[in-house]
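For clarity, chains are labelled A, B, C and D in written order, and residue numbers in each chain start from 1.
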Amino acid sequence: MKLGMIGLGRMGANIARRLMRNGHEVVVYDRDADAVATMASEGAIPATGLYDVHNLLAQPSKGVLGFGKSQQPAIMWVMLPAGGPTEQTIAELADMGTRGDIIIDGGNTFYKDDVRRAKTLKARGIHYVDVGTSGGVWGLERGYCMMIGGEKDVVDHLDPIFSVLAPGMGEIPRTTGRQGRDDRAERGYIHAGPAGSGHFVKMVHNGIEYGLMQAYAEGFDILKGKNSPNLPEGERFDLDLVDISEVWRRGSVVTSWLLDLTASALARDEKLDAFGTHVSDSGEGQWTVEAAMEEKVPAHVLTASLYARYRSRVEGTFGEKILSAMRFGFGGHVETTKK
Amino acid sequence: MKLGMIGLGRMGANIARRLMRNGHEVVVYDRDADAVATMASEGAIPATGLYDVHNLLAQPSKGVLGFGKSQQPAIMWVMLPAGGPTEQTIAELADMGTRGDIIIDGGNTFYKDDVRRAKTLKARGIHYVDVGTSGGVWGLERGYCMMIGGEKDVVDHLDPIFSVLAPGMGEIPRTTGRQGRDDRAERGYIHAGPAGSGHFVKMVHNGIEYGLMQAYAEGFDILKGKNSPNLPEGERFDLDLVDISEVWRRGSVVTSWLLDLTASALARDEKLDAFGTHVSDSGEGQWTVEAAMEEKVPAHVLTASLYARYRSRVEGTFGEKILSAMRFGFGGHVETTKK
Amino acid sequence: MKLGMIGLGRMGANIARRLMRNGHEVVVYDRDADAVATMASEGAIPATGLYDVHNLLAQPSKGVLGFGKSQQPAIMWVMLPAGGPTEQTIAELADMGTRGDIIIDGGNTFYKDDVRRAKTLKARGIHYVDVGTSGGVWGLERGYCMMIGGEKDVVDHLDPIFSVLAPGMGEIPRTTGRQGRDDRAERGYIHAGPAGSGHFVKMVHNGIEYGLMQAYAEGFDILKGKNSPNLPEGERFDLDLVDISEVWRRGSVVTSWLLDLTASALARDEKLDAFGTHVSDSGEGQWTVEAAMEEKVPAHVLTASLYARYRSRVEGTFGEKILSAMRFGFGGHVETTKK
Amino acid sequence: MKLGMIGLGRMGANIARRLMRNGHEVVVYDRDADAVATMASEGAIPATGLYDVHNLLAQPSKGVLGFGKSQQPAIMWVMLPAGGPTEQTIAELADMGTRGDIIIDGGNTFYKDDVRRAKTLKARGIHYVDVGTSGGVWGLERGYCMMIGGEKDVVDHLDPIFSVLAPGMGEIPRTTGRQGRDDRAERGYIHAGPAGSGHFVKMVHNGIEYGLMQAYAEGFDILKGKNSPNLPEGERFDLDLVDISEVWRRGSVVTSWLLDLTASALARDEKLDAFGTHVSDSGEGQWTVEAAMEEKVPAHVLTASLYARYRSRVEGTFGEKILSAMRFGFGGHVETTKK
């Protein structure tokens, strides 16, 4: 198929590459002309702007007998930072779009924005598809795990794209009991439901990811702390975190890809001196907590994981000063200042 | 009555003072001779050591016809740091004690230590009473809220002491529905049960205290943060925490003594610049969590309050480095170091 | 002053009563004609609808020399369930309003709705004031603690109303260090800032309230559980929660109005058999968590308190089935079904 | 080697089988004679009691030239429920043991018990080794992931046993950067340190396991809840959890063995009707929290995971009644009883 890729950051560029490797034609555009030139040198069709993208897509594909430009709907994959840039770009594509065009948002968009956009675009005859992707920098090589929201016909129409972007079955053992089920899940992508559902599922995925990461983080903190001066001397163990992270990869219950990454990081540098303690969060963790609250689902762990990141990014909080002030008030406990 | 006070820190000294003001005789001892001298100048009977304390107590009280030293049991209140110092002192007092002596531990002892000690001392005919006290520096003036564990007869025998240390009814409105009930609770002290139960109740009191404090701390943090640069400019409020803490004291649902202290601290210095962000914890919070786990009672709030204090005392955690390392691993998110 | 009260539920009716007791004239309206008649029998001016409210308010007050109906701005206090009913009513009042009218929302409105409404109404020359009130059923007698958002001039203009609704200084000890400060806080109300800030402060108040309540709840759970069969027989205490809740009211650090209520409830029925375990939450707890996340402030305790309520309202969660299924998967631990 | 296996539950029996398959001789004993007979039919040497186990082990191995019974130290693996049964058995084995014997505790023992026992046994010349094993019912087939504590010489001496019980390298990709390191970790077992450290590492492993499980549980709860009547009709998605759990196995960041198990359970029955909502916990989660507190390490997620299990096992809590009683007190909110 022929598809436009707008946004050639690491994700957009690699998705375009994986599509080209699998025989698709990709029209590329980015504000950064160098990024466009690089992709062009790898075989992509360079575009000079959004209008040009649309124009180039409306031309019949190579080797296909043309039957009138206007009859060919443009498929445009937007891979930009969520929020303003994505919103603005989609609005422009919609303005220049023609009936039947398909706009794919592959970024980290808030799913309620998808729902809204799909409704607006539908009124103009333009289709909207949201794709939540997991896999990060590893996607080019391993394939992208994709959660897709949109109209059934449209998602089916795009199947040649999704099927090559996905990891495929690979060597991962099959789950028993899936006979007769949609095999796309086994090949690494699903049609989750209507517009917004793709990003919703991806959002919860990230919420879980935070929880998993925090569980490991606390565990390793406790292992490390077993040698801390907070403990009486006779009660300490000086544990080898490099070997522990490795052995857990092998037959234990906590085996996971995140543990693989941890073992790898520790093997390179067991003190992790290269890493800081300020931990960022993208919006998905927060949105997951909001979704939990809307549904009245208790989500202690996912929320605590998010808060641990907030706390990691400040020296101290005003709340802690409040605590110190109270303690001083009732007991004359004078807290020393942090410095 | 005549009572020995061992340990003349702020708590011990003030308890001794309050007892003397109410007509009791107090034999005092502390490793710090100056502390003993000060109390002696205020009317206390100075002792030179533990043995001397016991000796002086065995003498008949003023105005009481003596009927043999050995017949007068010594009442000894130990007010020392929990753990080693208290343990050691009680062991020594027990060794020199005689049948019928009463040892009171008024410190912050772990209740399981009380249970153990009471059993050991009982075998020697010595009575053990544990007194959890709340009220801190305010106790001399306001009276001490006391939670007492021990044998019924012994606690009753000591009532002249407890009744004057307690705040009394004061002007606090009475709770309806208490007719016919033990009025000691209304006067500010209770006999909670057998040895250990006094400190157990006090321990849970402190666990609750941590939770209450953290609830206010988080609330004020959110009020303060409403003016933070994390928010878009149009969505900020610059709130007056001094006035907010004051107004909540007046008819709101969150009125409390801890709020009074907070309002007072903020009125003195609304930025709390004098206070640091390192917040200590005494053992009680941890013991409360242990008790919750033994009972299989979920205690999310009390535990999170304790953990917030742990986190306040370090620059960053190894767990946070683990998070950063994982993020780097899957996404190439490079976390900058903290400094 | 003359004021319209729209919504005569417990809160609206009692606010109207307290205003009338203090010499204000109140025009009342409610969909329930009986509620209107009741208030009329107590001296209020009955209205038959929103338009009638506005009309009656435009008439000069008793004992005031009229200077033309149209010159008297109407002050209308809306005291309805937040969301639809309030939104709809304010829209209607705005449509019939005239330049200079003041609309007060005294309900539990989400503060962002206040911000939006204030902006819309301002364009029409109508003033909007949001009043967060705490004090519940006790307000008629004790006065209402009020947190007010709106334009300074308008809030000042309404001072005769707020000053009588507030509790006043009463017998609550004054906080030192407030000399020279706005004394409204000491009398139980504050002007928190622009529109929305009143409800924002009230919202955080409720968030704190949840945290405080949960801290006590967990503490009493642990006290109660100390006699549970989860513990070895020798490690149990059968504690008297009635006396404990009472004694803590007297000189302890955890003294509060919420504790007063707890002591009162336990004195009536120490097993609390009259009460269920399903605990509702109004929106404020959730909004407080959302605010914390927007500001990137960790709020472990306030959030856990909210989640404990969510969990209290269901028999079991799907998440728990997921846990059971995993346990079965890796260990053959068969979890019995709940019934 | 020749080894005694005491306790032929699922774990003990399978470990014995895996040892025999790899050429070791195993003397077996269990209170259940049938269990012994079964193992004997599979090639094990049956024993009639602890003394018999020790006796049979002291005999020279098959094919080994005997050089006096007394010179061959017995290796005895105890695989019994932690606590009483294990404690009692080890005490008996120690009493009948001879200098140089090795007692292995492969159960879920609290690591402080290991430390204590090792010290006691050392005084008698008996070696103590603690082995934490993960892998559960899958171990016979996949091998056991083992974390071992004890003296270096002794652990090295037992290597022929551990190396065959472990999974071995298998097809799991190697972690880069481990060149020159102890390769036992890659083969699925480690010597963690002195006695107790094996169970300590295993304990933290289980603490992490709880956190990971809860993260998934909450995530799936939120996915499921997206179709709940708590949401407005237009905001629901009816998501296919079977396919979501499958697709996440393929290239996503949350890939793990626990997710494999979840996908498998959901594929069999997407409503998980066979599973209840009461979730048990073994002691390790609690001990991990205790360890965190001893070290002053915040462990929000691991603890919340444990508490979620506590809450899952009761209909309601007394704390929730306290909340309801308070709400009634301040607002007249009458909570209906649960049934």
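One rule holds in what follows: a contact is a pair of C-beta atoms (placed from the backbone, for glycine too) under 8 Å apart; a residue touches a chain by one contact, two chains touch by 3 or more.
Just so it is clear, the model here is predicted, and its values are computed rather than measured.
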| item | value |
| --- | --- |
| Superposition rotation for chain A onto chain D, Cα-based, multiple of 5° | 180 |
| Per Cα centroids, the chain farthest from chain C | D |
| Chain centre separation in whole Å, for chain D relative to chain A (CA means) | 33 |
| Centre distance in Å when chain A and chain C are each reduced to the mean of their C-alpha atoms | 40 |
| Inter-centroid spacing, chain D versus chain C (mean Cα positions, whole Å) | 49 |
| Residues of chain A whose C-beta touches two or more other chains | 136, 138, 214, 216, 218, 221, 225, 253, 257-258, 264, 296-300, 304, 307-308, 311, 317, 319, 330 |
| Complex contacts: residues of chain D adjacent to chain A | 134-136, 138-139, 142-147, 166-167, 170-173, 175-178, 181-182, 184-190, 192-194, 196-197, 200-201, 204-212, 214-216, 218-219, 221-223, 225-226, 228, 230-231, 235, 237-240, 242-244, 246-260, 263-264, 267-268, 288, 291-292, 294-302, 304-305, 307-308 |
| Chain B residues touching chain D - in the complex, by the definition given at the top | 253, 286, 289-290, 293, 296-300, 303-304, 306-308, 310-311, 313, 317, 319, 330 |
| Residue numbers on chain C that touch chain D, as the complex places them | 10, 136-138, 213-214, 216-218, 220-221, 224-225, 257-258, 261-262, 264-266, 272, 274-280, 300, 304, 308-309, 311-312, 315-333, 335-338 |
